[in-house]
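Some structures are shown below for you to check.
Paired with chain B in one complex and with chain C in the other, chain A is shared by the two complexes that follow.
For the complex of A and B:
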């Protein structure tokens, strides 16, 4: 148990019991009120259980992508203290590169399955490389600057990425075949009126595997431990012979890979365009903030929650105000729970 | 230190640009468009350059058979680059094609038999209203054009409207918004401004007729969160009301949406058809989402999706979709007696020949109408008029003499009150069958 955890536990003991209970009651009250509001608004639109199930499932799919993007934010923030706003750019690049490689004339005689697999792998690798290059060429030279300067640099990097993508791919939307059918049309599973696309299972599966691999990497490999050491204490890590600037490069590479994976698994369910990164990146950022920005599992939960809240909220009200939900959450969390929604349970959830 | 940083930044840009352009190279195999498209661009770009090199000598240097005849100038401002380039490039190609035809003919022949060379000056608005306004002002003041064919996008066109009005230059826009030709504050038709594309009101009327034919009285309306989308809802609300069709649920969606909770609401709303007001890719994605959830639901679109990309992005889902489109897409299938048919077929032949096989688009058609009005108006001028008189005469000609005029976008009858001059029959109903638009006029409805 870390020192940090002990302090937290100590603080918890110090908090008067009645205050904690009061807070719990307030929480329960707010949650119940929100649920009642959702049910009332839904009843106005003749929603039954199947409709809610559909909204939650769709939200879960979007939320999983947000979670993957949020993990990229958390990884970079933990190691470097930077919020990397170029994260959305990696998502876009992953999707666009996969489409381009898959449509590449030189691979035309390959059968669709291996070609798609090769395109996905190559796109993830290429995006990872771009992530590493971004760190080397823009963050590393300015490594002694204030974090705010570095954050502004990442905003600039995103704008450059989007601008280059506009020149290369134009404003057209592209399409990547669904992973199951290897065609534009995906297989759908039905339960009453509730439908789930096969691609949704790919999104959940790939995200799950990615998280498992990350967990193994951080817990059981030398490099992963070095990364974690850096996030706990940069100076001490340095004294132990870990080079923080190398770790920063590694973190950017990892974040880029996660962004690219998110963009690629999402691509068949949507139609990638050059400017898709901005809104996805912002949603991923909100998810990371919900998780307190330092805690990977909390960021995942944050992403999934955000996706569901957003989709159910938009469903029972107006879809036109969808984005309002995520930004209300962002402001609320920043004002009232800057440690994240699950800040107190950090010791339990920390991997 | 600073210098190294700069070096790295430049290096990054270079590497990114190189890597990505390499990828783009691979893509050109799949889309044979861009390389060929550049050709007319260069031609077009050369024209103003030549002009700028010898501006006062232009009249003497005119290659006309009759020395001394005034050189007429048509100024064209289109979005060759930027987000509107998908629309602006066919417009640019069409303008360049007509310029080449005029050059071949030596120009236009006036009523007095004098042949006037016509110079077409094409400038890029970069899809940006400020650039468009600067280009228009250069064409009006420095190039002293007789007529402006200007504005791919509504916003760009609106930016040029005050310039043309103030200078007294007739301007023909190729953008959709009604506010380009009618001042929304006063409701008055703008004296100097005309436009060629059909409006959302025309689309809505066809949709209403089709829905009425099927006996449908309750529809849902989903529209893209954009000026175009909002206008489709406004027009649909008004026109559907006349037909006794009620919009029981309407909501917006974003161009890049991945989830469509709107579809769940459609299920609960109990409508018999969904009318969509959007352009691709959003239009394709929302159709796919509706068809996934409700395979039997009737989906009707507007004329914003009359292009190949709409089908390409969701070929299975959009199959069977019914929508009004300009006649250009279904020219071969039109009845023989349609007065537009020969015009359309000729344009398709000329355009594909000029661009080495580029497919025609309705946007190029809007440019053809605008260019041909200008050419016809210029041909009506007597020799010896000064610039202001010529501009006024061109305006008067378009307003009074474009009557029952078969063009690409419809049969135009311009009046002082109506500077578009089309009714809803300018569009035809089509249905997407086997991955392409098929003519689906009322005589084919069951």
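For the complex of A and C:
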């Protein structure tokens, strides 16, 4: 703990109990007012429960992807203290590589199922490798630099990635076959007027499995524990024989893999373009902030919440201002809940 | 009464002013039929020089905010855009606000708007700065990022109005036919006239910033950068000074935005996006954050690289053309940040020491040893 933080903690007064109570009432009031506003705007458009269900379901799909991207942010931030703007680039690379490998002439005589599986696997591996390379080539040489310098470096890396993608793939939107039908047309499930595409279940399923694997990795494997040790205390981890720079490499590889998986499962539902990474990366980042930036499960909840809020918000207003909701949430969280929506007060020193 | 508080900076400012003057006169007189663009083989055109001047004004403010006060802003393009849109909107569609139509024709109206834009942007910066500047480090960077993107979306989406009912910003397409600046009936156009106006403003903002950082305020800002608690203990009103630095940078950005609007005669949301803000930070960081002179250096270098890639990229990378521009730009950016994290000004300052040849400073011991 720095001297600054200690002094500040010493100076900070405890907030009396009745004030905390008042705050709770204020929160409840704000939440109710927002809900009322949504319902009012929805009623202007004659929205019924089914319309809301559709909006929430679609938001849930986007939110799951945000959650996956947010996990990449949290992993890298925990281990290295860097906010990795290149994260969105990994998402784009994963999707684009999967499309390219799937369309590759050499695999043309394979049946569509194995071909898609091979493409997905190869794309995830390739992106992971790129993530490791990025860390070695750009972060490692500057590991002692200031945070701002490192942020700018990751921004530069993102610009390079997007630039390479522009050269290789051009400005066209590509498409990956849906995982269920292995064709461009996906199966849909209908419930009244509510429509769910089969790909949505793939997105939820794959994300769920990825999170389970990550959980096992962080809790029950040597490398996972070493990573966690690094995020708790770098110096102590080093004294225990863990090499923080190796862990930083591992964290970038993991983050790249998570981004790639997110991009690939999303690809059949949207159409991947060379510049899709920027907005997805920023949303994933907002989700990570909602979770307090250091807490993986909270980041997942943050991502899902963000997806639902922005989709419902855009649904009752206009599609053009969809992005504004995430940034309103970002600033609101930073100002009033910097420890994350679910964090306890102690971590407030980070601010 | 001296212009600046330090002799060395006065000399540097005079040098820069002379260079600006020389380049301007070169373009006006065109000796031997050559213009400024021909000096660099049509890479850096006269137009680029004007843009360097405009962006220098923004980056000087950013330099004070980030380098001296230590407060990161990833949303500076929002302030730049506010200036541009205040000028653009009120010179082309003042009637939307019930203002008399004759105003748009009056020569003093754009000049007044420039001041109004600065005041408005400064007020906006003050109001958002008070809460946001409580945040530090990454968190501040992200809050300013969010703010910048929100303002950009408001520009792009016409502040949420339908363009068919109230058209303020023109949405994606932006505003056109913004008038040139005039003094009475003397138009500050063609570009050679505008060039001198822009650089006059740029030099003035450099001078103001230099005086600011070498004053009591500047020392307070550096104290905040060092340790906020220590600064507070020295009776520095940290919250107030941080907000003042933000307001200063926002007002400069707004001024530059107005100059940009009258330069392009059109304003569209593109330059004020997140990427725009990033470019500004990159320019400031590449130039060097701990030195006001980093601003013109960084802007000039980044724009020169961009122009070079645009002009010569297709020759260097056969078959790829201008698409290679962002890749090369990104690589250069990463390399500079890895090898010169303190920016170009720091690199330049270290050069003489590398050669061990610098007279007049105690560090130079070459005469003694050799």
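A few notes on this one:
Here is the rule we go by: the second predicted complex is superposed on the first by the 328 of 351 C-alpha atoms of A that agree within 3 Å, B and C clash if a C-alpha of one lies under 4 Å from a C-alpha of the other, contacts with A are read in each partner's own complex, and residues count from 1 in each chain.
Heads up, the rule we're going with is that contacts are C-beta pairs under 8 Å (C-beta built on N, C-alpha and C of every residue); 3 or more make two chains touch, one makes a residue touch a chain.
Keep in mind that this is a model prediction, so the values were computed, not measured.
Looking at the shared chain after the overlay, A:49 reaches neither chain B nor chain C. Of the two partners chain B and chain C, more chain A residues are in touch with B. Residue contacts after overlaying the shared chain place A:172 against chain B, while chain C stays out of touching range.
By the document's definition of touching, of the two partners only chain C reaches A:148; chain B does not.
Judged by the touch definition given at the top, the superposed model places A:338 against chain C, while chain B stays out of reach. Touch criterion met: A:320 reaches chain B and chain C at once. Of the two partner chains placed by the overlay, only chain B lies in contact with A:311; chain C stays clear of it. Touch criterion met: A:159 reaches chain C, while chain B stays clear of it.
When the two complexes are overlaid on their common chain A, residue A:330 makes contact with chain C while staying clear of chain B.
By the touch criterion defined above, A:282 reaches chain C but does not reach chain B. In the superposition on the C-alpha atoms of chain A, the part of chain A touched by chain B in one complex and by chain C in the other spans residues 138, 141-142, 160, 164, 167, 318, 320.
The touching residues of chain C, counted against chain A in their complex, run 66, 72, 131-132, 134-139, 141-143, 145-147, 149-150, 153-154, 156-157, 160, 227-229, 274-275, 278, 281-282, 285, 320, 323-327, 329-331, 333-334, 337-338, 341.
Touching chain B in their complex are the following residues of chain A: 45-47, 51, 54-55, 58-59, 61-62, 65, 97, 100-101, 103-106, 126, 130, 133-134, 136-138, 141-142, 160-161, 164-165, 167-173, 175, 184-185, 188, 193, 195, 197, 266, 269-271, 273, 275-276, 279, 311-312, 314-315, 318-320, 322.
Remark: chain A residues 3-4, 7-8, 83, 138, 141-142, 145-149, 151-153, 155-160, 162-164, 166-167, 278, 282, 285-286, 289, 293, 318, 320-321, 323-324, 327-328, 330-331, 334-335, 338, 350-351 touch chain C in the complex. The part of chain B that touches chain A in the complex is made up of residues 4-5, 8-9, 11-13, 15-17, 19-21, 23-24, 26-27, 29-30, 83, 85-86, 225, 251-262, 264-265, 267-270, 280-281, 284-285, 292-293, 309, 312-317.
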